[in-house]
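Accompanying notes for the structure given below.
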Amino acid sequence: MTLPRRSHPRPLDLNSGRVDLTHGGGGRAMAQLVEELFVAAFDNEILSQGNDQGAFSVPGGRMVMSTDGYVISPLFFPGGDIGSLSVHGTINDVAMAGAVPIGLSAGFIIEEGFPLADLARIVTSMAAAAKAAGVPVMTGDTKVVEKGKGDGVFITTAGIGMVPAGIDISGDKARPDDVILVSGSMGDHGIAVMSQRESLGFETAILSDSAALHTLVAAMIAAAPGIRVLRDPTRGGLAATLNEIASQSAVGMVISETAVPLKPQVLGACELLGLDPLYVANEGKLICICPPEDAETVLAAMRAHPLGGDAAIIGQCDADPHHFVRMKTAMGGTRIVDWLAGEQLPRIC
Amino acid sequence: MTLPRRSHPRPLDLNSGRVDLTHGGGGRAMAQLVEELFVAAFDNEILSQGNDQGAFSVPGGRMVMSTDGYVISPLFFPGGDIGSLSVHGTINDVAMAGAVPIGLSAGFIIEEGFPLADLARIVTSMAAAAKAAGVPVMTGDTKVVEKGKGDGVFITTAGIGMVPAGIDISGDKARPDDVILVSGSMGDHGIAVMSQRESLGFETAILSDSAALHTLVAAMIAAAPGIRVLRDPTRGGLAATLNEIASQSAVGMVISETAVPLKPQVLGACELLGLDPLYVANEGKLICICPPEDAETVLAAMRAHPLGGDAAIIGQCDADPHHFVRMKTAMGGTRIVDWLAGEQLPRIC
Amino acid sequence: MCLALPSRVVELLDDDQAKVDLGGVTKAISLSLVEDVAVGDYVIVHVGYALTKVDPAEAEKTLALFAEMAAMGASA
Amino acid sequence: MCLALPSRVVELLDDDQAKVDLGGVTKAISLSLVEDVAVGDYVIVHVGYALTKVDPAEAEKTLALFAEMAAMGASA
Amino acid sequence: MKYIDEYRDGELARQLAASIGQEADSARTYHLMEFCGGHTHAISRYGLEDILPANVHMVHGPGCPVCVLPVGRIDAAIWLAGQADVILCTYGDMLRVPGSKRLSLLKAKAEGRDIRMVYSTLDAVKLAQANPARRVVFFAIGFETTTPPTAVAIKQAQALGLTNFFVFCNHVLTPSAIAQILDSPEVRELGTVKLDGFIGPAHVSTIIGSQPYEYFAEEYQRPVVIAGFEPLDVLQAVRMLVRQINDGRFAVENEFSRAVTRDGNAKAKSLVADMFELRKAFEWRGLGLVPYSALRIKHAYAAFDAERHWDVPQDSVADNKACECGAILRGVKKPIDCKLFGTICTPENPMGSCMVSAEGACAAHWTYGRFRDTKAPTA
Amino acid sequence: MKYIDEYRDGELARQLAASIGQEADSARTYHLMEFCGGHTHAISRYGLEDILPANVHMVHGPGCPVCVLPVGRIDAAIWLAGQADVILCTYGDMLRVPGSKRLSLLKAKAEGRDIRMVYSTLDAVKLAQANPARRVVFFAIGFETTTPPTAVAIKQAQALGLTNFFVFCNHVLTPSAIAQILDSPEVRELGTVKLDGFIGPAHVSTIIGSQPYEYFAEEYQRPVVIAGFEPLDVLQAVRMLVRQINDGRFAVENEFSRAVTRDGNAKAKSLVADMFELRKAFEWRGLGLVPYSALRIKHAYAAFDAERHWDVPQDSVADNKACECGAILRGVKKPIDCKLFGTICTPENPMGSCMVSAEGACAAHWTYGRFRDTKAPTA
């Protein structure tokens, strides 16, 4: 099955266009780059599934593989650092297929002059995260680039996992009336990271939610093997991720503003910067879509897990032929929750 | 089994040290960083094997995973580009376990402002390399970093493969009297890339040897399932790779200067720059170590394959307790072929 | 236009600055455009500057008016 | 010290430069330090400069001497 | 969050809306222009259209400083960013706005210009301090709300003795824009645009006070209610306007009395008066050349004026022909009336500024409201 | 490769070695100093020790410009790289050489200094042309071979009117170093170091010719054979020295006649004479202050002299106490005599310059020959 085509009014300008930050922002520009360039060129069934991991068969069953590059700045932030993040993020992409992670690879691209003490701190944190998750870093690579051609350190991890028999979770499986859940409050990671950017100049006690979600997933599929979709709302936040799934599954969605768990500090910071918390990144939360009859079971399983204490049902899928994600606002009106357009930039208007 | 400790006279300075280019150069400084920081922190059996791929068991058999970051400059060079290289290099690291590659992941880190036309050229070349090799890119990731915080594009690929039953190839398996072979001429890739560096200002018709070696490996293990070690002599070239294996297997080695295949242009360029061709990178060649009784069989299998036409037996392992790699020179004397110290820099003395 | 938010002054800083709090988020802002600000006051913050103080009595009145009008709506 | 190699001049270039060949590798070098260099000459190249021309007759003589001495060694 | 949460109470909102429904005369329509993008944004963001009675029509006004800045000024900012040693800095809002040939500051940055986002004018001054060998240009935009912070920055740069800090001044004035709309043929003569009342600016009014609107109410015989940007503020203002209209009154009323006085912020006003003077005329997108509608830096502060330091191009560049931003900013058209809306023009590939700013009418409708346009299946 | 391959013939080499074995008097030893690192490198790289008779001992000399540069000059180069707007460029050989506190140019680069490798002096001039707002310092090192290219670069910078190109001149002279060794107490009085003959420089001699060595042969009564850097050249020179020693002669002979004449390169010599003048004394690592042993830029070219443009520190910095580079460069000790060799000091963590340069005695022995030291198992 192939990724449903999104409507990009204008094709990528492959003659004179340039990559800009929006191409990595998790919004529609990135989706377009991925579809029109990467998916088109690599042209294979596994990649074209359009999931955050590729699933394939081996003699022993079904496996998945996933990769993510971590280019976060600052490298250290409240609640984590690039090292632990690079373990959690990739474990999560593997787990979002319902898979049991087997191991990770780690590729480091380090800028000349980077303090070894910082590198050691990152690697130690990464190792601790891997150990805590029970997922070993099985192979690695180190490259050093000249000063001014990197940004401290970039880490690209890949992960593989084995999908338990009978589990079939994919972004294209949501159906009208399916229930949409989240495992906890939205936007904590993004706000924790932004709080460290001196230029934004705000302070908050909020911590990144960075965490490995594979045990939460295991508990959820044990309770409800019929779960249709799992995905971690990272870049682009809840909004981008719901739109991805709606488009992939060709459904509409309606969520309720008052049902989305949000911490007051996240709201405060978003007000201050003119950001919408629905677009702010998470690194330890998941979205789950399941048949209506499983919803309460899944919710209970989530809430029983330490990483799902604030889990909530936030909405439902419908048959909207436009695949809009809509939100009932607290005022009783309705709005679209659209793709992120480019990057979210702090604004004054 | 764990990586034998190399003797680093001085531990990494984790207090005030900084990463410099030697830490990525494929020499002893890099080996030290990997051992003392990465392998020590991640502390698991798979990584500690010290191979360019991690091997592990799954219900269906033994698998391997590998990763490499590609940070090459220039991005396009005679005989290839960063795209095809990132496919070949990782397929090769998987194949060097004797494994049949299953698929790849690809993580792109793109510098803001990078021309989409160049990106398309790279991705197209990557896709063509993957298709030609029959190894799909199954999952990917795109990050964009601000202008001045990258260098055009970095690609990190990871690959996985399935090891055929009965094959047990690893860098620690070389034994005294085993025979050392190479699949072709040394140094082509490194010289082709250097020829594009304006600052070095030389021209040559030499092409990178960048190629996927998994079919060559399949032919070799079909002919001689008892092959002990396979490794591709990439960064640090033949010299660094032989030293890695000697140290891992706790053997010495003696190779013959006149037996190492070298193209005249590679020799010419090395003379000009004051480089030793044994330290220059390859991207489509392998080193094979096999029991003496298999040597001629393996050589014949290599020569019968399009990528092994210039294969040669270059030496033999011995029981040297110092694990020196030595070379009988053309003059009849003996020299050490040591680890690369730092990066190879063009010199005037 | 002009994104601006009522925030509580939690500390007066040097250089005519103050630290304000909004839902647990604090930020240093400039008081160059306002006068007589005290800790505990709410100020309306725009691009890092306090534009004016919030008048608590007027705010109360407005809320009372809402309630009254809403009561009319609710009873409709 | 002073890494330097005999290379064949394959082309005279502007600005007192020449293109030299060494085993199929070509490179532009400066002729600022030498005189009367022609295509086909061998020059000794150091840090991008020709230091001197190779004298073919002297080279022959040296090789002949090697052969002679070697013959003595071989016959030993 | 005090003074925020109380004004976002969903239950109260529904009751307020119901009371508007009761008071509105079902035999007539109410066309109310919210001047400010802040109100536009709140209406779309909270879906207030869905709860307002069908005969109350909100007409979006030109109150978005990003939207009204003409293409030529964007081009000029990009030109400045290309001058030797320049770091151009501005608020995040400006980065994606397309100039001519769809080149934005973000794209110019990707091509290698040194363009930075700042959150506050003080950050721009810090940038100049930290980069003495560079020339830092602050691309200043905004209405009366945003002007005083620019004035503070120039004062501070002067106090620090900085010679490498410059302001490219694009500050504009709200009352002039309101007058221009009310004087437009569509409103005045042709009656194409029906405007029964105005919701007046929230934060602009904290500076200028409510007094300047008294002239309009009187002269054009339209009621004005100054309102905050929270959803309940907007609903309340609608109700106050409906009441005035029903009563045939045209007073200036102040719903946002918790922050707005009749006279505004004297300190800020005098700072601005000290530093800036009126331009004879300034081009607004959609409104054309509007007399005395913008500020420039006074001679006494000439050393900080980018338009004096460089020979900044002053070209008037035509908008994309098909883009209806101009008509939309005047309240004459709606986003959906533009042929490019949602096809060629989206927030990812904006053709006009109204599609860029979060407060632009096109962006607000696309981002929050376009599901209302597409009842029929198209997939 | 013509003029290279013929001089690397393995069969000939073995025969030549055998003929040396025949001619050498088994009743005596031959201590031959190869002045040049080029010869040192060839001997180690090709394992020539293995084929030479046991009574022929090669003694490594100070002929490596990287090795003889004292720590203070490295520190000074790093200091220059830290000055405002400076791009420091130099040959690849210098980048890893440790100054004091083991800081090298490579490490200084990693810490953020702008340090570039160039392959030719002309690249350094190009760098200055391409970076008019920067000051480009070429850290010039080398013997007579490498000096003329520096002179050409200065001439070219002058012709181009460059005012941002500077040379930090560290060019030194071979004959002074040879004299210093032959005058040293170890050789002259104590006889600690036995030197029966010299292999003279190859490429230095292409510039200065063979004539300057005639004085040494005469004055110190030692034979000198100028030889190329290929392995057969070295073997042939050894044989020629053995013959002279056997005959009791001490002439200057020229094995490298294909490239070296008696007078050298007149054009290069006059260029150098025009641009440089002798320093009264210059510090050499291992040899101490050697009178008239180095060059500096003449007054007429002062504008290009980094030591005039900046107040470059002229400190004499002591070598690492345990490092025996000094004694090794004088031929008094061998690498293996140094306690740090191979334990604390390796090419990755060099304590002295002899471990850095490919031509340094310590690096050559470590990289190519150390297996000979370790017959006994240690693992």
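Miscellaneous remarks
Note that the chains take the letters A, B, C, D, E and F in the order they are written out, and that residue 1 is the start of every chain.
Convention: a contact is a pair of C-beta atoms (placed from the backbone, for glycine too) under 8 Å apart; a residue touches a chain by one contact, two chains touch by 3 or more.
The structure displayed is predicted, hence computed values, not measured ones.
Touching chain A and chain D at once are the following chains: B, F. Seen from the Cα centre of chain D, the chain whose own Cα centre is farthest off is C. Among all pairs of chains, A-B has the largest number of C-beta pairs in contact. Where chain A touches chain B, over half of the residue numbers in use are shared by the two copies, so each contributes mostly the same positions.
Centre-to-centre spacing of chain B and chain F amounts to 34 Å, using the average Cα coordinate of each chain.
Chain C and chain D, compared by their mean Cα positions, are separated by 84 Å.
Separating the centre of chain C from that of chain F, both taken as means of CA atoms, is a distance of 75 Å. Between chain C and chain E, the centres computed from C-alpha atoms are 21 Å apart. Among the residues of chain F, those in touch with two or more other chains are 1, 4, 14, 17, 37-38, 64-66, 91, 109-111, 119-120, 123, 142, 146, 359. Contacts with at least two other chains are made by residues 1-3, 5, 22-23, 46-48 of chain D. Along chain B, residues 18-22, 112-113, 201, 264, 267-268, 271, 274, 347-349 each make contact with two or more other chains.
According to the touch criterion at the top of this document, the contacting chain pairs are A-B, A-C, A-E, A-F, B-D, B-E, B-F, C-E, D-F. Within the complex formed with chain F, the chain B residues making contact are 8-10, 18-22, 27-29, 32, 199-201, 250, 258, 264, 267-268, 271, 273-274, 320-324, 326, 329-336, 338, 341-342, 345-349.
For chain A in complex with chain C, the touching residues are 195, 201-206, 264-265, 267-269, 271-272, 274, 347-349. Within the complex, the chain A residues that touch chain F are 112-113, 147. Across the interface of their complex, chain F is touched by residues 1-6, 8, 22-23, 30, 32-35, 42, 44, 46-49, 51-52, 54-56, 58-59, 61-63, 65-67, 69-74, 76 of chain D.
By the touch criterion given at the top, residues 1-3, 5, 7, 21-28, 45-48 of chain C touch chain A in their complex.
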